[in-house]
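Encoded as structure tokens, the structure appears first; notes follow it.
Letters A, B, C, D, E and F name the chains as they come in the text, with residue numbers starting at 1 for each one.
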Amino acid sequence: MKTKKAAETYTLKTEMVLPNDTNTLGNLMGGKLMHWIDIIAAIAAQKASNRTVVTASVDTIDFNSPIKLGEIVLLEAQVTRAFTTSMEIRVNVHTENLTTGERRPSNIAFLTFVAVDQSGNPIPVNQIEAETEEEKEWFDDALRRRELRLFLAGRIKIDDSEQLQKLFLVGEN
Amino acid sequence: MKTKKAAETYTLKTEMVLPNDTNTLGNLMGGKLMHWIDIIAAIAAQKASNRTVVTASVDTIDFNSPIKLGEIVLLEAQVTRAFTTSMEIRVNVHTENLTTGERRPSNIAFLTFVAVDQSGNPIPVNQIEAETEEEKEWFDDALRRRELRLFLAGRIKIDDSEQLQKLFLVGEN
Amino acid sequence: MKTKKAAETYTLKTEMVLPNDTNTLGNLMGGKLMHWIDIIAAIAAQKASNRTVVTASVDTIDFNSPIKLGEIVLLEAQVTRAFTTSMEIRVNVHTENLTTGERRPSNIAFLTFVAVDQSGNPIPVNQIEAETEEEKEWFDDALRRRELRLFLAGRIKIDDSEQLQKLFLVGEN
Amino acid sequence: MKTKKAAETYTLKTEMVLPNDTNTLGNLMGGKLMHWIDIIAAIAAQKASNRTVVTASVDTIDFNSPIKLGEIVLLEAQVTRAFTTSMEIRVNVHTENLTTGERRPSNIAFLTFVAVDQSGNPIPVNQIEAETEEEKEWFDDALRRRELRLFLAGRIKIDDSEQLQKLFLVGEN
Amino acid sequence: MKTKKAAETYTLKTEMVLPNDTNTLGNLMGGKLMHWIDIIAAIAAQKASNRTVVTASVDTIDFNSPIKLGEIVLLEAQVTRAFTTSMEIRVNVHTENLTTGERRPSNIAFLTFVAVDQSGNPIPVNQIEAETEEEKEWFDDALRRRELRLFLAGRIKIDDSEQLQKLFLVGEN
Amino acid sequence: MKTKKAAETYTLKTEMVLPNDTNTLGNLMGGKLMHWIDIIAAIAAQKASNRTVVTASVDTIDFNSPIKLGEIVLLEAQVTRAFTTSMEIRVNVHTENLTTGERRPSNIAFLTFVAVDQSGNPIPVNQIEAETEEEKEWFDDALRRRELRLFLAGRIKIDDSEQLQKLFLVGEN
């Protein structure tokens, strides 16, 4: 197993919202955006692991403001941390209105992907090295988000997790 | 505002996994499944509100086992509870292998949709009446999930929520 | 060969008419609806036979009123009867305008599917047992529709078919 | 109203079967073929009427042999006859395997389209003049097919139609 | 190796511009048109070679006037000349507005395809025989276009090509 | 009119080759790649002009080696120079095999886009300022490519263009 720098997994995808992507209000459909988020995250996870990867989970995504037909969607993905066979990927979505030049944050999503062999069985992945302050913060928080996922799935209890105790009892979300 | 019975919002969508929906392993792409989940949830939310609706959030979704090319995907959506202008929808996904007749649970997703007028502004929605034991449980838990969403988004503290205190302190997830 | 109850093959598909599905008038294209009808019928035929199936024929379909962008299309399929290697499937299409709650019948289609092995050769299928009055009527009429198909394809004469004689001479369509 | 020659409405569409068009056996899906048939027929009907047109009905289509991935599909459409506001279109489908050069008939479909104004109301169409022997045969038979459609839809009786009496009683299908 | 007549490779594809094909102005997207041009040229090249073919190059394409939603696009392809393992295909694109009956030239494109075996290696192709005056002109000019391509790719010099000398020095474009 | 720095128009799009994008050899179709090239170039041209843009021409594109199912395609676009109402965009395409980490140049394309108002009429665009050595080279060569386009379209003669005289007579391609 090698160690990869987090920045090596950085992936950018730019899309234009076309009629085919919109709902009856002329806005980008939430499901279409999730489709793009899933693909860009898969590419980042492949860069990190040099393996075929499959989506294991997608954390809560909020859709705050509509994205209109003709607007540009920028999706940036980067692997935050690798565990044994899984990786957490952060996807940051912005929109740009190229007539006004205005750029607007849209969503931040965290996805977990698992690397698999040809039979679809999980296999160990390269570790991720965080370098910048921001990457270190994402790396550290990845553990808390992971335990939160396990807790929400009913697979661990708060007592099992120092991370969750800090999150919930002190409320330092 | 009227009150609608939860069961009136029940919506079922059956899909067959076609080559166009698969990744390079021949499995249904996570993003495509999320797209279907978003559409079926939107239909259920429209049945409840008789309004145009937009996706406000999608809770954590776990993808436990791959869905193969040629398998059938059954997506069942039902509105669990309405708040002022928003509704929570539960989407239950099963897969069926029609050669063996085997039916397998795949995912449970909770989405929030907001009803909007022609200008895209939120408008009040019909309330939802839970009738069966299961619907009542979904209805009650909807409040806890809502406060969890607000907590995870940093918009409320644990001290503000009796629901979250029960969830986290007693651990009765 | 087993016998399956007709109701076990019931399949429901709910679709929302999106911009991608419409013609230049903003109405659902007939060809897109036929595509959906074919898929839902294929799923019902697979439920009945537990086999790979291929479309053998589609009976006359009438399109009586346009289905508009944003409307909901409900496609219900059920196998009416099985012959040696083929099955007849009835697809009933309704549309729903979720703003008004109005539900409107759209089309009734009858399709024939053949079960095939891996080389694409026809293989015997499970028989279908009709239980309700309606299913029994569909089952009985399936024979007449089958002979009508053979007659229209020039493969049998009216004299060969008691069913067709009743249909045409007495006119009890 | 003008009169158009049938040959002026001739339309040819050549398609290659791509992965996106196939089922799990690697064959063209019946529904996809019907989609292409509907589009080519619409174009022929527009050539005849110089109007926006909508699908009114599709007669029985038989699918005799599978069309494989990579094969070429040739769809030829021509209007056979115009009635007051409707037109009948004949679509003849061949497939070609370009490795062997083999050309194979696949389907013959008859569709009815109605010309509509901007509000979607039917409007009168140009009449069609058949010139060749083949076109004259299609023109004459169009009336019989039309009455058969009306009979099958329960809208006329055999006694009302000399055409149907000839078809059924003499069996000269 | 056989010789094929140029006319045997003639291929026609008729498309209707649907909402899915348009940009935010309601016009056909240039990239979608190029997609259609590539497919029709591939079919013509397969007719000529009876082989699997891959795109090797596309010459400059000009887009002179927008093609609107609902208009008809006619793409005619014909192989102009075969070299050792490659073929040049000419694609002539017209549009038709079926309401007015007006027909308008849109683009002329020249593409080069290479025939390949199952491993993707180039293999010799059938030669092409030009019969009409127009085909002979296309055949002759194919050599000049080929040398222009090689020159523009920096692979030959003007001194190496009598064709290019004539083109550039005398300016008989 | 403002002046924009060339680097401000830089746009990156990352795509994964999915089954839907491939031909029968499992390779990315040339037409699909051209579709992506057109979209990324349109986005860069919009960044430069803050206007709706339409494709005016695409220069010769060479396809040197097949791009396989599952590989990653990176498309980088940047405006090289603006003329009165048109802009030239350079699109550089690489592929990446994420299993081996190997990165391979694929294509370089030059496209011309025109900025248009709501009626589709050309309007003046912001000028582009080249800063790096590479951008200055692209800027200078844009003029030669433009005159070559005009020459190939038969709209100017070699005598009219000092650029073309240098290109053809001295052969400094």
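Rule of thumb we're sticking to: a contact is a pair of C-beta atoms (placed from the backbone, for glycine too) under 8 Å apart; a residue touches a chain by one contact, two chains touch by 3 or more.
As the structure is a prediction and not an experimental result, all values here were calculated from the model.
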item: Pair sharing more residue contacts (C-beta pairs) when E-F is set against D-F; value: E-F
item: Repeat of interface D-E, chosen from A-C, B-D or B-C - more than half of residue-number contact pairs shared; value: B-C
item: Distance between chain centroids, defined by C-alpha means - chain B, chain F (Å); value: 43
item: Rounded Å distance between chain B and chain E, as computed from the means of their C-alpha atoms; value: 50
item: Residues of chain F engaged with two or more neighbouring chains; value: 19-20, 23-24, 29, 39, 42, 52, 70
item: Interchain contacts, given as pairs of chains that touch; value: A-B, A-C, A-E, A-F, B-C, B-D, B-F, C-D, C-E, D-E, D-F, E-F
item: Parts of chain E lying in touch with chain C, wherever the complex brings them together; value: 18-20, 69-70
item: Chain D residues within the chain C interface of the complex; value: 23-25, 27, 29-32, 34-39, 42, 52, 54-63, 66, 116, 120, 149, 151-154, 157-159, 164, 168-169, 171, 173
item: For the chain F and chain A complex, residues of the former touching the latter; value: 11-16, 39-40, 42-43, 46-47, 50-52, 70, 72, 98-101
item: Chain F residues within the chain D interface of the complex; value: 19-20, 22-24, 29
